[in-house]
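Before any comments, here is the structure.
Chain lettering (A, B and C) follows the sequence in which the chains are written, and residue indices restart at 1 in each chain.
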Amino acid sequence: MKIIVCAKQVPDTTEVKIDKVKNTLIRDSAPSIMNYEDENALEEALRIKEQFPDSYITVISMGPPQAKDMLEECIAQGADEAILISDRELVGSDTWATSNVLAAGIRKLSGFDLILTGRQAIDGDTAQVGPQLAEKLGIPQVTYVKEVTVNDNEIIAKRTLENGYETLKLKTPCLLTVTRELNQPRYMTIKGIYNVKNQEIKVWNIKDINVDLTEVGLDASPTKVVESFVPTSKGKGTVIEADSAKEKVAILLEKLKEKHI
Amino acid sequence: MNFSPTKEQLMVRKMIKQFAHNEMKPIAQLTDEEARYPQETIDKLGKLGVMGMPMPKEYGGAESDYVAYAGAIEELSKVCSSTGLIVQTHVALCCWPILTFGTQEQKRKYLPDLVAGRKLGAFALTEANAGTDAAGLQTKAVDMGDHWVLNGTKAFLSAAGIADVYIVMAMTDKSKGTKGISAFIIEKGTPGFNRGKKEDKMGIRGSLMAEQIIKDCIIPKENLLGEVGKGFKVAMASLDVGRLGVACQALGIAQGAFDETVKYMKSRKQFGKSLDKFQALAFEMADMKTRLDCTRLLILNAADRRDKGLPCTTETAEAKLYASETAVYVTNKAVQFHGGYGYTKDYPVERMMRDAKITEIYEGTSEVMRMVISGDIFR
Amino acid sequence: MDVWVYAEQRNGELMSVAAELLGEGYRLSREIGDRKVCAVLVGGNVSHLIDELYAYGADKVYILEDPLLEKYTTDGYTKVIANAISEYKPEIFLFGATHIGRDLAPRIAARIDTGLTADSTSLAIDEQDKTLIQIKPAFGGNLMAKIICPVKRPQMTTVRPGVMKKKERDDQHKGELIKVPCNLDSSDINVEVVEVVITAKEQAFSADADIICAGGRGIGGTEGFEMLEQLAQKVGGVVGATRAATDAGWIDAACLIGQTGTTIKPKIYFACGISGAIQHVVGIEKSDIIIAINNDPDALIFSVADYGIVGDYKEIIPEIIAQWNLEG
């Protein structure tokens, strides 16, 4: 089975710091990591490969040159091949343009049976690239996948809903976007790490994937970010001071009554 | 000399850090309290290729460099130094001597399982009356023509009874002093080879330490490791690798305690400000940080020389001496800066303080390290 | 040239977000000037929902019915909705950012080649050029982005459930019904729905929950959540949780509030043992009153709380249960 994993390098948003003077995000403050759910996508690919040992896993990513680090870690975990699509012209691509890039990159590969990717990336939280990529490749999709069973060319996927789940059956080739519930990603292995130097990470630019600036990049993107700002917090309220828990709660309830709650 | 880590060294550190955080941190306190050998952790590390990382590929290793290995032992020991010790003893004092002094048959027989972590290795030199003074060994090996017979008792043996493969030093000719020592490979389960009294230790309580009793133990001829009378050389060369590991273990303990203290100082408030705002304390932290980095450079130097095949006995001794004394110093301060809380088991620094002390003692005490270093000065 | 709203229904029941989007769509359509707000209703047999959509302000209802649309499938729904868009050319199309909305909207946007913004929390119409200004959180809620789609149409966005205001229900209000032919063939649908399983945990945080009692890492385990459950029963609320608590398995993931979970706006929000990471705060900041209970006086949650109590929740919560005497 030929499996493609789409992965993104993202800033660790739990570590992002805010410049309180300029009211902007200090992007360098957060370490770059592999998007969590993309790790689950790779893990699932590796598990499928354990089940079907003649599988071949290609990880593909669009990003700046330093995203190579993430792809090297994918190799160290057991991926067979990794490709970075990197070009200055791609900066500012929205999800529509990004899915064009990934679709073009994937078309350059020699076919596939299954595409796995994270449900969404923690920087943009859009969850759009997966479905848009499936549409552009003309294959069916299942999003929010928490469980996968592979029987030859048939995929059975459980997709989470807000209040339950649904079980879906489909044929390959298809695309699944996965959640963190799906599995527990593995660690790199020492052998994997020392194997990285034998595996060249391919870097493709937009010419390599045959796309032009009507399809990718900032200008081609239908949506534009016109402004970004740090959200204002509600502002600090009152901390209730009293000697005992009992008194504190009494004061709290008094205050709530005053508000006619 | 290159001070920038390679890609591989960075990745190894990152991987071990993640592993230690997820798999070891949750059980580190219990491992200590119950003096429980962390079998599950060791099994997992085996599957990840850590148990034989610097060993050659033909035996299943990754042929990692020793700088990367040093980083791995440090990261493991930051979270649980018992685990750091188990890994480093296995690699340095069992895998390494078999690889270096073993015959083709011995390497093929033992290394694949050891490197994969399916089997655990141990090293038996110390006895009740012979530690630093190896010439006083009382364990005897007698050549019976087609086999050896060993008798004696080994003390303070890490992983005694748990390990599967033991490198055992025994006297084959008492009259020759250290030149009468030979090294043997003894497998667990060999009749007459049994664990004795378990030690109840102050620190590194997750790593089991016990006596090992050797009584009329029949060892096949082919289990002699290296030549007859060259056992002391096997031991000393292995201990060079082991001391690098102990240095890394000590650094890990110190760095772990230091990190805990930084976190604590930022959150703990006294007199209306957090502890890090008190310059007297902050300056002491600066001194500690400097000592930690100093230690790291000494380790880097020793490991780098080993990778390049250069002599590194003195450099390794310096690293071990300084690292272990730094560990004792930093963990002591860490408990101090935590105040009363530092003395309780609610914070890991008291465990780290207990764990630190052993690094000044085993695999050559600080005094032995000074002997090695001064011996080199006044050669 | 109207404002369209995807009237998501499941099992013949309208999702709460549909009414919220109609309320917002109504406001936007009037702000552009003289436009209609239209509900797009898709399903197997859903005409019983038309009046409800009118009641929540729909000027028109586009109904797309076909037996093949009985169950939601990406393929079937994308095809019929994309065709309707090409036919009627709406100016704006809003989807609820539900699991289904977030599956469907990007697929449609890709098919008709337009832009799509995810998870908007606030919408407005530009005074000059009448384009849709969409505000959405990014970087885990650390940053808000203002996004427009200047050229391609329709301007599409998903909108977080629980954020927009419904119009007052008016059962007298009626609108225009447009039946859209579906022309769907079973070969259009490549995914088979084997089963849909609804677990006991219903969506805990509809916009209607007035009081939510939530716990985070500081709760320490399942027993703590049992205490929160008691509090919720006493005050007539529901229990919620942060990522740390759901990841730890102390409570069902359906209770997750915040950036990756549900956005809520109850009257009272009890935050117990919650540190106040931005990823969580972004989901609770529309609450009327936030009450923080935490034993760390420096916890970030106190900087967004209306009232804070520094102390052990194990002491505070039983006191609240004992003393609670407020109406509903």
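The working rule: contacts are C-beta pairs under 8 Å (C-beta built on N, C-alpha and C of every residue); 3 or more make two chains touch, one makes a residue touch a chain.
Note that this is a predicted model, so its numbers are computed, not measured.
Enquirer: From the centre of chain B, which other chain's Cα mean sits the farthest off?
Expert: It is C.
Enquirer: Point out which chain occupies the most central position, where each centre is the mean of Cα atoms.
Expert: The most central chain, going by mean C-alpha position, is A.
Enquirer: In whole angstrom, what separates the CA-based centres of chain A and chain B?
Expert: Between these chains, centre-to-centre, one finds 40 Å.
Enquirer: Just how far, in Å, is the C-alpha centre of chain C from the one of chain A?
Expert: Chain centroid spacing, chain A to chain C, equals 22 Å.
Enquirer: Once you find the CA centre of chain B and the CA centre of chain C, what distance in Å lies between them?
Expert: Going by mean C-alpha positions, chain B sits 56 Å from chain C.
Enquirer: Please set out, as single numbers or ranges, the residues of chain A touching at least two other chains.
Expert: Not one residue of chain A touches more than one other chain, so the list is empty.
Enquirer: Please output the residue numbers of chain B that touch at least 2 other chains, ranges allowed.
Expert: Where chain B is concerned, no single residue meets two or more other chains.
Enquirer: Across the complex, what residues on chain B touch chain A?
Expert: Those in contact with chain A are residues 7-8, 11-12, 14-15, 18-19, 47-50, 53, 62-64.
Enquirer: Where on chain A does chain B make contact in their complex?
Expert: Checking each residue of chain A against chain B gives 72-73, 76, 187-194, 196-197.
Enquirer: Which positions of chain A touch chain C when the two form their complex?
Expert: Residue list for chain A touching chain C: 11, 13-14, 16, 18, 25, 94-96, 99, 122-132, 134-136, 140-144, 156, 159-171, 174, 181, 221-231, 233-240, 245-246, 248-250, 252-253, 255-257, 259, 261.
Enquirer: Where on chain C is chain A touching in the complex?
Expert: Per the touch definition, chain C meets chain A at residues 74-75, 78, 98-100, 102-103, 105-107, 109-111, 113-119, 133, 137-152, 190-199, 201-203, 253-254, 259-260, 262, 267-268, 277, 279, 281-282, 285, 288-291, 297, 302-312, 315-316, 319-320, 322-326.
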